[in-house]
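Quick heads-up: structures coming right below.
Heads up, the next two complexes both have subunit A, just with different partners, subunit B and then subunit C.
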Partner chain A sequence: MSAGIELINVTKRFGNNTIVDGINLTAAAGEFIVLVGASGCGKSTTLRMIAGLEAVSDGRILIGGRDVTTARPDQRDIAMVFQSYALYPHMSVAENMSFALTLTRAPKDEIARRVGEAARILGIENLLDRKPKALSGGQRQRVAMGRAIVREPSVFLFDEPLSNLDAKLRAQMRVELALLHKRLGKTTVYVTHDQVEAMTLAERIVILERGVIQQIGTPTEVFNRPQNLFVAGFIGSPVMNMFKGVLAAPDRVDLPDAQVSVRLPAPLGATVGKPVILGIRPQGLLLGAGAETLRMRVKVAEFLGTETVLNGTLAGSGEPVTAAVGGEHGQLADHEIDLSTNPAHVHVFDAETGLNLIQPAKEGNNETT
Partner chain B sequence: MTDAGGAAMTINSRSNSRTAWFFILPAVIIMLAACLYPVISAARLGFYDWSMGTPWSQAKWTGWTSFEIVFTDPAVWRSLWTTLKFAAVSVSAEMFLGIALALALEGNIRGMAFFRTLFILPMMVAPIAVGLTWRYLFDAQFGLINALLAVFDVAAKGWLADETLAFAAIIIADIWQWTPFVFIMVIAGLSSVDSTVLEAARIDGARWWTVTRRVKLPMIAHVLAITLVMRLIDAFRVLEVIYVLTFGGPGDSTEVLSMYIYKTAFIGQRLGSASAISVLLLAVVMFLTWLALRMSNPLDDENGQ
Partner chain C sequence: MKNERALLVLRYIALTVLAALCIGPILVMILTSLKTQAQTFTTGLSFFFAPTLENYRDVIFDSSFGRYLVNSLIVGIISTLLTLLFGCMAAYGLARFSFAGRRTIAYTTLMLRTVPLAVIAVPVFMIWGDWRLTNSLGGLILLYVAVNLPFTIWLLYGFVLQVPVELEEAASIDGCRPWKIFLRIVLPLIRPGLAAAAIFTFRIAWNEFILALVLTDRSTRTLPVAASLFVTDIGVEWGKLMALASLIALPPLAFTFLAARQVISGLTAGAVKG
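This part shows the complex of A and B:
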């Protein structure tokens, strides 16, 4: 069984510091939600409140429609996988996985069946007699997941489960996690600081900054329609270019220092003359002059196999620029080149509020009650 | 894949440990010499009949006689039994109280630093002073303990004059002095426990007592074992407090092995016998140490494979 989760105005204060500030979030039953944000933004605290390891200062938490705000962790029908794995060091893998079931006095053959099945799913059947100490990082990770699966909870909570693994293993486990979710179909809240994990695993991403939700949306939505400067800068790799500009006409932004005027895909309702930030994804900068041309001084050219990432500065303003162009262009280092823009990748943000002026929030995107 | 990695690691650590031995060998030799010399010379005394103050040249070779006497001397077995009882009761009480206190006071309660300091004070007092203090406390006429009992209308007791009460008195004094040691060791052990493991246990449905018994204490099993061994060794060698408090009496009710060794050597002037008994005591202590270390050797925990 799977259950939805509802966070209503959930707040956490430590002393005078508000660490999580009025979060509203609804996860449908079976949905894979990823909480992403920089280190220290309150992701773990939010997850720990859902788990019941941390009391809320304010607000309510519902799991499967039941108010669990003050319930003990074991009464919430959740299982959690920790970054440090948190395995019981004195117990074997099998004992680690069956600990919760032995506490509920489940019958022995039932325990053996469930441990066996989880071990089979995760490919750790040959490790059942080992102690955690005798396992590699990836194996411990699997045991931690096994311990969660065996409980057959309605909700899985993950706190940066892959961040202690090396890059190759992390990529492999990411795929396995996605498959596991498909197979078990359990509601999942997954915390990470890694936007690649967020983009690849999530059905919906929640972007958190200083305890406040910046945007909730599918990976496509947060990439194509970042609601504000923070989301625009956080999601996408390489990071979106940001240039200081002025709204010269409803459909044109001037970059005075660079002496360029960039045409927008559609006219804006905002006041002409407003200071704005022009955001262009590195993928939205194309080699060669166009209707409007940006001149870039390339300093470094990194060839990545299918594309070349050019790093340098904007001629005139000296603002940093990154362009990701198809093919191999290593020879462009130390050259001055012309770039044109792809309007689909152009964003305009209010310089004061940071809000996106072209693609305003989709209705119901930022859930409030 | 991982198995291959494990094999490689074993080979590696084996050659590493050979190199390591080479470097620590001088230190090991010095340590062994420093530890073994007194032991061997004490054991050697057991083969001679010698009185302190007389020249060693007058010492008489007696062979195994002293050891034979020791094994047939009922006083040796009686004092060994007294030692066992003393060690069993006082050390289990100290372990129980020390662990209970540590569990109650771990975490960050306000004023914690003050309590912790308060608790370790007894440990810092010299054992002779501890004995003297308790002697006054247990004094039949002027002692604080009888005064306290009087508040509850309990008649004054001759603590140090009664065989059972005297035995209780030395145990109480030992518990008072050494529970703090257990407390310090356990609280240090607990502070090293990864709190997320305890949280995982809570999510798994374990309540305080289950977390404590099945996760927290097993995670510090090696600390508990070491603490137990150190306390047992000390309890088997206890002398000063008993010396001051009861001098083994009344009768021989509190005459532990080291008290008997002392009396044999310095009152009976039988150094050979005293040394032979010391060897027996050493053997008992070494056996206990070996047993406890074997029960939970943190380095020997790899048998999960």
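This part shows the complex of A and C:
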């Protein structure tokens, strides 16, 4: 059975340092939630508090409606896959997977059945007698997942489980994880700093910064409607372009240094004359002049197969610009080009608060801010 | 090329000399144990003599040998087991629990071991006398545990630190309480350290002479003290002394070979990514 998770004002302090600051988060039963953020943002600490490996300084944690704030890890009906796999090196794969069940004195045939079933799901039936040191990174990762599956917990916790794998294996395991979640349907909290993992696996993404939730939303929401500058800069690759500007009219932002005026998709309610940051996704910059044209000096052109990423500076202001344009355009390096904007990819942020003025906060931080 | 060869020759000569220095005394001990008292003085270090097992027969069939052997075994085995028991728990506590002075304790423990045993002989004799621990195997065991604990703790502390904390966390999620984590996860992984500590501890408890001489009597005497009885007022019974010395050397040798098989590196390989 799957169980929902509820974090109520959860705070973690180490001495005077607040690592996690009053987080409120609800994961529905069976939901796949990804906590994402830069190193030190508190995502792993949050996961460890859910697991019971870290004591909560303030607030409450509920799993399946039961308050587990002070419960031992084994009393929470969870299973965790560690970044470092954490396989018991002195035990075989089968012993690793069955360890938790042997501690509960489960019948031997039941243990064998569950280990066999998990091994079959993960394709590691031929590895059951091996010791962890005789396994490759990908195989160890599968065993770590197998150890979690065998316990048939209500909640799965993953702490950057793919970060030690090479790019190819990571992509493969990502797909397998998605399939596994579809198959088991268990509530999953997954921590990563890799936004590709977050975007591809999550039903909802939670973006953390300095222990505070910046936004919670579906991958589409956080990409298309970032609530603030941090989310806008964190989600999306290449990173969103940010230009200093002024709101010249309700539907127009001037970039004084670049001597360009950019039309907005809709008029804003903010005061005209307000200093703003204009954010444009690299995919929102199109080759060729348009209604408003940005002039770019291309320094490097990176051809990625289906698109070319142009890196350079904005003529006039010298601010860095990145444009992702379809097709091969390697010849544009060291040239000055014209770019037009796609209003759908344009965002305006308050220069003081960093909030998105086009999509003002609806749900807010900690699901309320 | 020539220089390299000369260097190689020099290296082999140096190694041969070192090996001879190590093996020489053992060889002399064994040769002497196979000679009669007369041969000891007439043949010198010569290999050419008619060997005899007379010394071994005299030593083994001496009425007290069995008692001394049992005393040595009791002292050696029990003090080793107790040292390992307390040592691994202390090392785990130092490595895993945070408390005031933890690091200071962890790094100064070994300093206690730098004190020569002869220095503590007199105070120990007085204190053990007050506590009525002299002339008892228990007193000797207690002393050897105290003497060997610092090194054992220091050695095992390093081994415990090498066990990834994630393994203990995984075990706690799997349902282990702290004691079970220690017994099922940590202890099997520090086995090489336990074996090394056991070799060290047993060797000291088995061979130690000065403190054993001070703290034992006729009934609690250990084998090294018994060996000293062959040094008499009228001379040294070299043959018997060397025969007993050869016999004394056998158990630690066998124990070391057995325990050394556990001293293998890489027990934690594959636990976490390297």
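Just so it is clear, the second predicted complex is superposed on the first by the 362 of 369 C-alpha atoms of A that agree within 3 Å, B and C clash if a C-alpha of one lies under 4 Å from a C-alpha of the other, contacts with A are read in each partner's own complex, and residues count from 1 in each chain.
Keep in mind that, in the parts below, a contact is a pair of C-beta atoms (placed from the backbone, for glycine too) under 8 Å apart; a residue touches a chain by one contact, two chains touch by 3 or more.
Since we're looking at a predicted model, the values are computed, not measured.
When both complexes are superposed on subunit A, subunit B and subunit C clash. In the superposition on chain A, A:L304 contacts neither subunit B nor subunit C.
Of the two partner chains placed around the shared chain by superposition, subunit B and subunit C are both touched by A:A100. In the superposition on chain A, contact of A:A266 is made with neither subunit B nor subunit C. In the superposition on chain A, contact of A:N164 is made with subunit C only, not with subunit B.
When the shared chain is aligned, subunit B comes close enough to touch A:S136, but subunit C does not.
In the superposition on chain A, A:H90 makes contact with both subunit B and subunit C. Residue overlap on subunit A between its contacts with subunit B in one complex and with subunit C in the other: 51-53, 72-74, 78-80, 82, 84, 86-90, 99-100, 103-104, 131-135, 147, 151.
Of all the residues in subunit C, the ones that touch subunit A in their complex are 164, 166-167, 169-176, 180, 185, 188-189, 266-273.
The touching residues of subunit A, counted against subunit B in their complex, run 51-53, 72-74, 78-80, 82, 84, 86-90, 92, 99-100, 103-104, 129-136, 139, 147, 151. Partner subunit C is touched in their complex by these residues of subunit A: 51-53, 72-74, 78-80, 82, 84-90, 99-100, 103-104, 131-135, 137, 140, 147, 151, 164.
Here subunit B touches subunit A in the complex through residues 2, 5-6, 194, 196-197, 199-206, 210, 214-215, 218-219, 221, 301-305, going by the rule given at the top.
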